[in-house]
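Next, two complexes with chain A in common: one pairs it with chain B, the other with chain C.
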Partner chain A sequence: MNMRRIFMGFFFAALVLGPAYAAGGGDAVRKVGLEEVLSIGGLDDQALFQWTGVATDGAGNIYVLDAMDFSLKKFGPDGRLLKKAGRKGQGPGEFMAPRLLACSGERLYATDQNVFGVYVFDRELRFLGKIPCPSLILALAALGDGRLAVAVMGMASPGKVLVLDADGRVLSEFIPAEGPGKGILMDSMSFAQDKDGQFYVAYLFRDSVEKWTREGNRLWSKAFLGQKKIATTEVQSLALPSETCFKDVALDAFGHVFVLGGKLSKHPSRDVYVLDKYGALLATFTLPEPSHCLHIDGRNYLYARANDGITLKKYKILYD
Partner chain B sequence: MIETGRAGRWARAVVCAAAIFLPAARCGRPGAPRPSPAAGPKSMGWVLVDVESFFCGACLDPLLEFCRAVPARVQEDRLRAILVFGAGPSSEDAEIRARIVKTKWQGFSQANGIRFPALADADRVFRGTLKTGAGILIFAEEARTVRWYPLPLSKERLEEVLRILID
Partner chain C sequence: MRALNRKIGKATAAALIFVSLFLGLQAFALRGGTCEEALSRCLDDVFTQAFGSFGMVYCAIGFAFCKRYIDPAG
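Entry: the complex of A and B
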């Protein structure tokens, strides 16, 4: 009887975990490839003009912010435009410079580059309100239960990662960069949070990818580009960094960390570094075209830019 | 039915005379009625737009300010946008870039109520003229001059451009 239970236990474990490992779910990934499955917008249509942020829901719908026509668009799983909302302005549901987008449950969260806060929409693109934020937002993630994580820009002080509740109250915060005095914009970052609540942080102007606990303890730090010093350009007597290291970071359903390289990677804005949760480099692959961001949905489809932002490509991630 | 009588010959003569005389009159040839000033060549403006400025939030604000000052009819009749962009070395790159920037302009112009159409500077003729932002090349018919007005325009310069375009 016990043997039978053990056997059944193995059987169900294999049933549940098998497809994941067959698809490359373990950390034994050595090679990652992409297979294009959907393309939205292009040279011959007007679906997208300059998309900036992308998010997906559990039903396979794709939500996109478009900076050129100041809109939020909803596409079905087949890529058909279902709805469009927003226009240029500073009123409810309007944008001046739409940037980041995240989806959690029935809610969509969007940022406007120059707005101290996060706009909330429902999945039918109805504007619901705004969550206040104490500073401008550089990165955004929806954590569930109405909580948000945001990376905020620091001017006099270094940038921080804040966890906000649905009313904008700061629940926790930490400063990933090693204190002030590192230069303007040097704390620009993107991040992703794993199921344990730990953060993977990739810096725009530093050759550094790090893992942090939500309490603000750094678990590891890795460099992949061999860059000690980033070139700067003088703009109105300010020395601003001019070469990007890492543009975005995203996690797949197995917990692999996908980091999009910037201008300093071998194929600028196309190389993607795949890491395990300890920061070990498992594989690299190259996007067909440069992208400014990466998004991976719960089914391990990767979304990236093409045609300089008038096209959004959806790829199936192939693991080997 | 072909008319062969005297009335038919007169009718053909009138039609032929009209066919010769009317186009000549439109072209202002000697002997033709003098065209009114309104029928003469119009002043035009080419609005040069650096496509990279699309990514900079406030860089095209002066362009939008200018567009708000120009009546819709004048925008449609007298203005054209020239989209200035960089591209790779091959002509194929330039052609694809031209199509991309025209698509971007569609979104930008629709969202901002801009009424004039755009042409892409496929051979990058204006790359040296316009470094960033936007400017207007005005072809002033009355003065027979071509003048360059970088944006933003002062109030006086805006009035000058409007006077040229609207007169």
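Entry: the complex of A and C
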């Protein structure tokens, strides 16, 4: 009888705890390393001049926005340049300051720093049109079904995350930047969305990484840099934050959250903090060179910058 | 007819200012120097000033991108 009770106890414990562990992505990760598998662009070629945005598709193709070349480029899985589109200008499919890039299904979404909207291309880099947006865009994610999430900022109002449909209609919005630290640019952010539609937000000028529901409820907020107040610099009576906290956030296929630290990290723009979906710090690792962004594809390859944007590196993520 | 001409003239002027503003704000991407210097130049720009708080948003976004993408010490 006692043995039966013990067995039943184990059975129920496994029933309750098993899914919770699995939902955490098997968060036994203690160490993360990188193995370089591909390098695109170098000092002695003209593949890239200063890349800004990167995206990948399911076939392993790599798409890159090149700010100094005013173009969108497509590279094969082997790193060979397959196609190039765009030129300097303000016409359809042209760029003045290309910045952010995302891929979903057959579509590529690109932003230009000074354009109210998102350019849409197909995977052959044919320009398809522009999705209008009411404000300038600081962060971008493709959510599937033609929907986009964008982070926008205002001078008098706090920054917001908008979910847009394919015609630019605002489907939903929330304002993540609340609490102390409000001010010009204090709501500058990067974000990534998980499979459940929840947002991980990393702030450029605040020591804060947060998780938000798509309805706009904050689930948690974490600080990793020990910075209560960010130094500011005054430019023509504008007090602006002068040191960056977090430059980007990306999710791997297991749901781990990778946050790229900025200047205030021990190794500026190189330290990456790996969190579980509850915000617990699992591991940190350091990129070989400073990067402005992180991208992780569906096969857990990580893409980052080298040579000040002349080179794009692809790494296999090694978990321990 | 005169009213229509005036309207067209106003629209053309506004379009010209917009185009010039966009061109002027490329300073962030193209000129060297620190992000603070680029911001200062952007705020000094006559076209930025013409657009008041909108112009300041342009400059501030340029500053944020500069800090994230360009400034090696950022």
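General remarks:
The rule is simple: the second predicted complex is superposed on the first by the 292 of 320 C-alpha atoms of A that agree within 3 Å, B and C clash if a C-alpha of one lies under 4 Å from a C-alpha of the other, contacts with A are read in each partner's own complex, and residues count from 1 in each chain.
Throughout what follows, a residue touches a chain if its C-beta (ideal position, glycine included) is under 8 Å from a C-beta of that chain, and two chains touch if they have at least 3 such contacts.
Since we're looking at a predicted model, the values are computed, not measured.
In the superposition on chain A, A:123 makes contact with neither chain B nor chain C. Once the two complexes are overlaid on the shared chain, A:114 sits against chain B and chain C alike.
In the superposition on chain A, A:308 contacts both chain B and chain C.
In the superposition on chain A, contact of A:147 is made with neither chain B nor chain C.
Applying the stated contact rule after C-alpha superposition, one finds that A:66 touches chain B and leaves chain C untouched. When the shared chain is aligned, no partner comes close enough to touch A:218: not chain B, not chain C. The larger set of touched chain A residues comes from C, when the choice is between chain B and chain C. Of the two partner chains placed by the overlay, neither chain B nor chain C lies in contact with A:84. With both structures placed on the common chain, the touch criterion links A:185 to chain C but leaves chain B unconnected. In the superposition on chain A, A:97 makes contact with both chain B and chain C.
Taken together, the two structures place residues 96-97, 113-114, 308-309 of chain A in contact with chain B in one case and with chain C in the other. Interface of chain B with chain A (complex): residues 54-55, 57, 96-97, 99-100, 103-104, 106-108, 110-112.
Interface of chain A with chain B (complex): residues 43, 46, 49-50, 66, 68-71, 87-88, 96-97, 113-114, 307-310. Chain contact summary for the complex, chain C toward chain A: residues 19, 22, 25-26, 28-29, 36, 39-40, 43-44, 53, 56-58, 60-65, 67-69, 72-74. Those residues of chain A lying in contact with chain C across their complex are 52, 67, 90, 96-97, 99, 113-114, 135-136, 138, 153-156, 184-185, 188, 204, 233, 235-236, 238, 240, 242-244, 247, 262-263, 268-269, 290, 292-293, 308-309.
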